[in-house]
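A short write-up of the structure that comes next.
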Amino acid sequence: MASPAAASVDTASDFIARYDALRAYTEALASPLSPEDQTVQSMADVSPTKWHRAHVTWFFETFLLAEHEQRFAPFQDKYWFLFNSYYEAVGPRYSRPLRGVISRPGAHDVGRYRANVDDRMRDLIAGLDEGALSKVAPTITLGFHHEQQHQELLLMDIKHVLSLNPLEPVYAGRPRATHTPPGPLGWVSYDGGLVEIGHPGGSGFCFDNELPEHQEFLTPYRLADRLITNGEWLDFMADGGYRRAEFWLSDGWGRVQSDGWAAPFYWQQVDGVWFEHTLHGTYPVDPALPVCHVSHYEADAYAAWAGKRLPTEAEWEHAARLHEETPCAADNLGDTAAFHPRAAGEQDGRLRQLFGDCWEWTRSAYLPYPGFHASEGAIGEYNGKFMSGQMVLRGGCAFTPPGHARASYRNFFPPGARWALSGVRLADDNVVA
Amino acid sequence: MASPAAASVDTASDFIARYDALRAYTEALASPLSPEDQTVQSMADVSPTKWHRAHVTWFFETFLLAEHEQRFAPFQDKYWFLFNSYYEAVGPRYSRPLRGVISRPGAHDVGRYRANVDDRMRDLIAGLDEGALSKVAPTITLGFHHEQQHQELLLMDIKHVLSLNPLEPVYAGRPRATHTPPGPLGWVSYDGGLVEIGHPGGSGFCFDNELPEHQEFLTPYRLADRLITNGEWLDFMADGGYRRAEFWLSDGWGRVQSDGWAAPFYWQQVDGVWFEHTLHGTYPVDPALPVCHVSHYEADAYAAWAGKRLPTEAEWEHAARLHEETPCAADNLGDTAAFHPRAAGEQDGRLRQLFGDCWEWTRSAYLPYPGFHASEGAIGEYNGKFMSGQMVLRGGCAFTPPGHARASYRNFFPPGARWALSGVRLADDNVVA
Amino acid sequence: MASPAAASVDTASDFIARYDALRAYTEALASPLSPEDQTVQSMADVSPTKWHRAHVTWFFETFLLAEHEQRFAPFQDKYWFLFNSYYEAVGPRYSRPLRGVISRPGAHDVGRYRANVDDRMRDLIAGLDEGALSKVAPTITLGFHHEQQHQELLLMDIKHVLSLNPLEPVYAGRPRATHTPPGPLGWVSYDGGLVEIGHPGGSGFCFDNELPEHQEFLTPYRLADRLITNGEWLDFMADGGYRRAEFWLSDGWGRVQSDGWAAPFYWQQVDGVWFEHTLHGTYPVDPALPVCHVSHYEADAYAAWAGKRLPTEAEWEHAARLHEETPCAADNLGDTAAFHPRAAGEQDGRLRQLFGDCWEWTRSAYLPYPGFHASEGAIGEYNGKFMSGQMVLRGGCAFTPPGHARASYRNFFPPGARWALSGVRLADDNVVA
Amino acid sequence: MASPAAASVDTASDFIARYDALRAYTEALASPLSPEDQTVQSMADVSPTKWHRAHVTWFFETFLLAEHEQRFAPFQDKYWFLFNSYYEAVGPRYSRPLRGVISRPGAHDVGRYRANVDDRMRDLIAGLDEGALSKVAPTITLGFHHEQQHQELLLMDIKHVLSLNPLEPVYAGRPRATHTPPGPLGWVSYDGGLVEIGHPGGSGFCFDNELPEHQEFLTPYRLADRLITNGEWLDFMADGGYRRAEFWLSDGWGRVQSDGWAAPFYWQQVDGVWFEHTLHGTYPVDPALPVCHVSHYEADAYAAWAGKRLPTEAEWEHAARLHEETPCAADNLGDTAAFHPRAAGEQDGRLRQLFGDCWEWTRSAYLPYPGFHASEGAIGEYNGKFMSGQMVLRGGCAFTPPGHARASYRNFFPPGARWALSGVRLADDNVVA
């Protein structure tokens, strides 16, 4: 899955250094959280922090140590069962919605598990000759990117856990800035035509779902040059956005009614003022910041209300490829210190907030590319089997670890999901006069 | 939605003749059913027969009589509310899952409602001059195709109702033939490239979701020359098809486990023999006939087991366009007297069972075409708002009324739906040597 | 279960006459209902009319014909399965919540089933000599009382079915009278002490749950001399009865909140006026009539609001025994022509509305009497196995067939049930000065 | 609720000493549990350990400090909301099934809350003169008994939490003894007649639901002289106890089928051997020990299978009153060091295992005694509002703190509850020859 060409240039000590940095980053993310915080599963979609910490460790233990370690024995037999997420081929696994009832191993025990696997992973890598290393490099690299995905999920999940607590706990404090609302939405136009979509291979890692690179035909289109703001969302709400069926997909309207949706996921109205729960605490909604934690249904309804539509993933990727070549001054690439989307920078005729800030809903269902083939073995379950019932999101978010996102990256969630850090970029057909 | 050009050549008496034939066909389909049969709603997806008969009538009353009749008054005020299916713009509507608790109006009363609207429709059409007729022709034509859709649904729904009855009622009796299993699957290859997809306009009706015609790029592919048979499905089952997670989409595997799927929807094993419920009665499964009433998940799993995949809707449509120009000798086009899919005819190097027999699952999610715009007003709710969470099926089925299907026709159901008359045609990448 | 002494005096022709009258009464109750009306099951608690008609027939076929008929063969093998209500000992049975999906046998077919069993029952009875007749008499008599119970249920059930129909169908029309509200609640006092409870045996039928007669000790108490009226219930509502937790049992308060209870079951507010659905149609709530279709939870909350309590079943029965000896002028015994509870008559120092009108909730759980033993065999399932999770109601209601109720009769429903014709009589401790 | 006469003899220092002992006992019970263990809510019926620790503290803060402390301010405003269990009169409360999603306050923070309230409680008590103390004594005493109830629940709840963990954690280790099965069941007979039921007042605490003392009439009966053992339960299972509907209440049989009950709650079969989860670990089922963690439905079915019945609560209490006067040598009163029911001692013609070991299901619904009145104010919600849908259990269990149980004590659970430490004592009618 990782490009062998790219991987082969790394030495064992390169790998170990990257491994250590990766693993330390996970622990740093967990460090503000008490053992109790790390235990809670607040809904079926959420996993406890200590489960994330253990599961990514299980991944290395299962797909690397078990395969390549001499005299392999699992750290703890039952962890095999407890920390398998969804790999049917690896054997039975513990029920996902019950992850929160498992108090043991505790947060400290998970730390011991991590340390043990870390030692063994370093030993394993250090003991491989160049040929052997280049053979396992793709799986190690996959393990890196896998853990990065869970770093992001860890933050989305703990945000939900803390949101339910009447004490309004803060994950990470920081001074609250005031932002200037960006000016009116600008648009960037694209001619389309027969374009290349998917990861081009060559150098750099990608997941199997980004392959193969292939051609798609795009009619002319344009993309909004920034994300929709909270202020714009308040206009939608004020205009009856959540009360007027005509803007909504049928399934979305069903959710509005059954679940009483009337605002983004983490908004709450107190005495007429809308507040937003963030990892920094609960603040009045800032009209200048991007709206976030909206479902695909809401994003689609907003677009309909605005007389526009969501981009397809191919439209987004085609624009992002061009953008990667000449990035915008206002790019938020890779800065996650904020733990929250930031305001759009100055308008400069190019796409702003393309990477980072909010995962951007597309109107594309998550489906295999032409010629897609899942990897062999259990690793093949990584992506392919989820290609049903989900919508593609693009671009990363404020929780995405540095270096994790790219133009061809395909994230996916069910259309009703709201706990992910998702936002809205509009698109439009570009009828050339 | 209907092509104005096409409609304008029809005279009022043409329309009335077609109207009368259409309406009589619905009543003929309902005629074997008792008032009690017509009342039952066996699950939320199913509507009672008498509801179908009333709803299609409501459609004409709402979108034609209410708009164009002089001194319009509804036949019955509350029918407005009771027989609205899903048009939010028309006003509040009766809860779908509760259609089966409404004993009145009874089957006979619905007949009176139909007769009343029929009289008024004939008067309306007869009273229009050519200009006025050409204006309402698209809506009348839409009403025709709408009622045809419900003719098909009426059969799917009553099949489910009768299937639950331990008395094993027969909807339509007919001698049971023995069929010769077709030979091995053949394949028909296509070059792909930049092809035209969608209804070409010009003459003939289409729904808004088939528009606009647009270009898509297809890599070379091939399609199986017939549907998968019950015999082939039994091989899949014998090889653990329903027990081996590796073939299944994750959501599909979830359904296998939660709902205990172990065979197609209407199959039941008695003393080791598989029986199939049909509208003709319950018979031992015939290996020569197409497998039907399988979900998208099952179709996808079968394809994975067979080392193949399902076609995309563009692949299917491209092939069907070519096929429509030179149909196969074994085509089952428009013959619905069987009320059940028929065996594939002789192999002749071309696609068999392409139209009729079984709706064929594609791997395409039901999404808007580039440049799609829903119609204005309540009629705009016909298709667009369902473009979420569903998969496209192509080709019609044994319940489809004659003349209703075409190459660009897009049917859609949720991937777990099984009560529709759906089957499986395989596809494959065609790597040109 | 029936008293053998009593039964033995009846001749075969007595039995046949009673049988014919009973059976005709059931058909008369069903006669205003269309085949569609008779098919619907509007919720799990409700059974379709044609199911009731068939099930009571099945009871005679199963417990009498199958036992005693020469060369017995069931009318239809599968009816055995379809029309068993809950007798595990008789074999598997059709799922109760799915009674409404069975369109066949239709209402007319059920009539044929009834006629067939009627003929065979008459032949059976006529062919028995005195000794044999006295042996089967208890079971025949049980069949009579069983069918009477279903006559009452048939009315409760169809009332619910029709209530859901926006067309507001009327089961039985009759002129709507205006009633004078009764005067203030009066009270009748009882000394209590060691009293006899349960059916005294000797003459007359009783169910096994009324046995054995036994002693209970009662402290002095008093009973309200009539049922609570709609007018009094409106006072309760106006005083926040449905919004103030302090009056409610915890489970009841849970239902108020989860189900949004704010008025009796069949009340609906239109433009500020409360309307009540009855079998005669939908009318403004009449303050003079007894409140009905309230759950045990509501009855209990009303009593708490009024500073009183519900009677125990022993208190009610002790009073009813005395009352049966010298009935009140205002008794509504046995008149069910109204299909709705009637206003209390003139106050005369005695209990009014004791029999008929509304089943009266007691504060007693439905439990076995000391020394209770269920009958042998399948018939033993009649009552005993339901002695859990239900509350006792006493006195019959407007739907109870003439002659069916008595002082020792124990009806029972879950405390949240509202579709039964249940009302409220208050009780109080009587502290003797 | 506490008897004023009894309370008045205690001095402030008596109260403080008892308070300190009580509070220390709670902390001792929690001490083997990690912060993670204390956080988990494994099902809606279960509360997290740290919630129990906080809630009992909230009880003292709410009903004593808030009422009587000078310049009262809550330790933390939102704890008022978070740790209210069910007192509607105190204000809104946090949703019970979501107690497990609240990671903060953590176990350590709860300890700080406890320490703060402890200091203030001691100050409060120490500062009261004799007259003031005698006024608040009943509420303090109620707080003691309330916390004891939660000590018991804490153990029941954590037993469930740990039972779900594949690592099979042990709460408290201890050597596993082998027990000799007791001999055959003996019986102790009682004449019954008009007996006194309920707490006699005078000295000693009781809850309001034990009042008033009143007369009930009992027919002659007998009670088994010990609890049913695991060995006897295995006989029931071997005889198809969980597969034969004829033994079961209808609701119980429904649970057997819907929940797949086939053995007591904490039993699991591994390779043909039954194992039981206990707080000491998971061991093979010991036939000599009492069966425990069975529902009322199972207890009732066992009794039916054995040709016996469960006792009424009055029968149990009448026997226990006599027993308290002359206890049996084999009494297990107040010894909870075992954390599991113990084997019956030597037979001596009297009742064994009457107090402690297992809560014993009765056939009595939990209802108010004649003349019962709930206490005024929020405290009145303690018991009365739960008098619906529950069955009475008697006698305490191995988790009951020393001194907490008594003859008139009424515990109650829904008939399907299995996580409580409940067992079975049989009763029978005693027909005097």
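A, B, C and D label the chains in the order they appear, each numbered from 1.
Note that in this section a contact is a pair of C-beta atoms (placed from the backbone, for glycine too) under 8 Å apart; a residue touches a chain by one contact, two chains touch by 3 or more.
The UniProt protein names, listed by chain, are A, B, C, D = Ergothioneine biosynthesis protein EgtB.
All values derive from a computational prediction rather than experimental measurement.
> Can you list every chain that touches subunit A and also touches subunit D?
none
> Could you put a whole-Å number on the gap between the CA centroids of subunit A and subunit C?
Centre separation, subunit A to subunit C: 60 Å.
> With centres defined as the mean C-alpha position, give me the subunit B-subunit C separation in Å.
Measuring from centre to centre gives 48 Å for this pair.
> When the C-alpha atoms of subunit A and subunit B are each averaged to a single point, how far apart are the two points in Å?
38
> Multi-chain contacts in subunit A: which residues touch at least two other chains?
Residues of subunit A never touch two or more of the other chains.
> Which two-chain combinations qualify as touching?
Every pair of chains in contact is listed here: A-B, A-D, B-C, C-D.
> Mind listing the subunit D positions that touch subunit A in their complex?
34-42, 50, 76, 78, 81-82, 94, 98, 100-107, 161-162, 164-167, 169
> Contact residues on subunit A for subunit B in the complex?
86, 88-89, 194, 214-219, 245-246, 248-253, 296-297, 300, 309, 312, 363-365, 367-368, 370-371, 385-389, 415, 429
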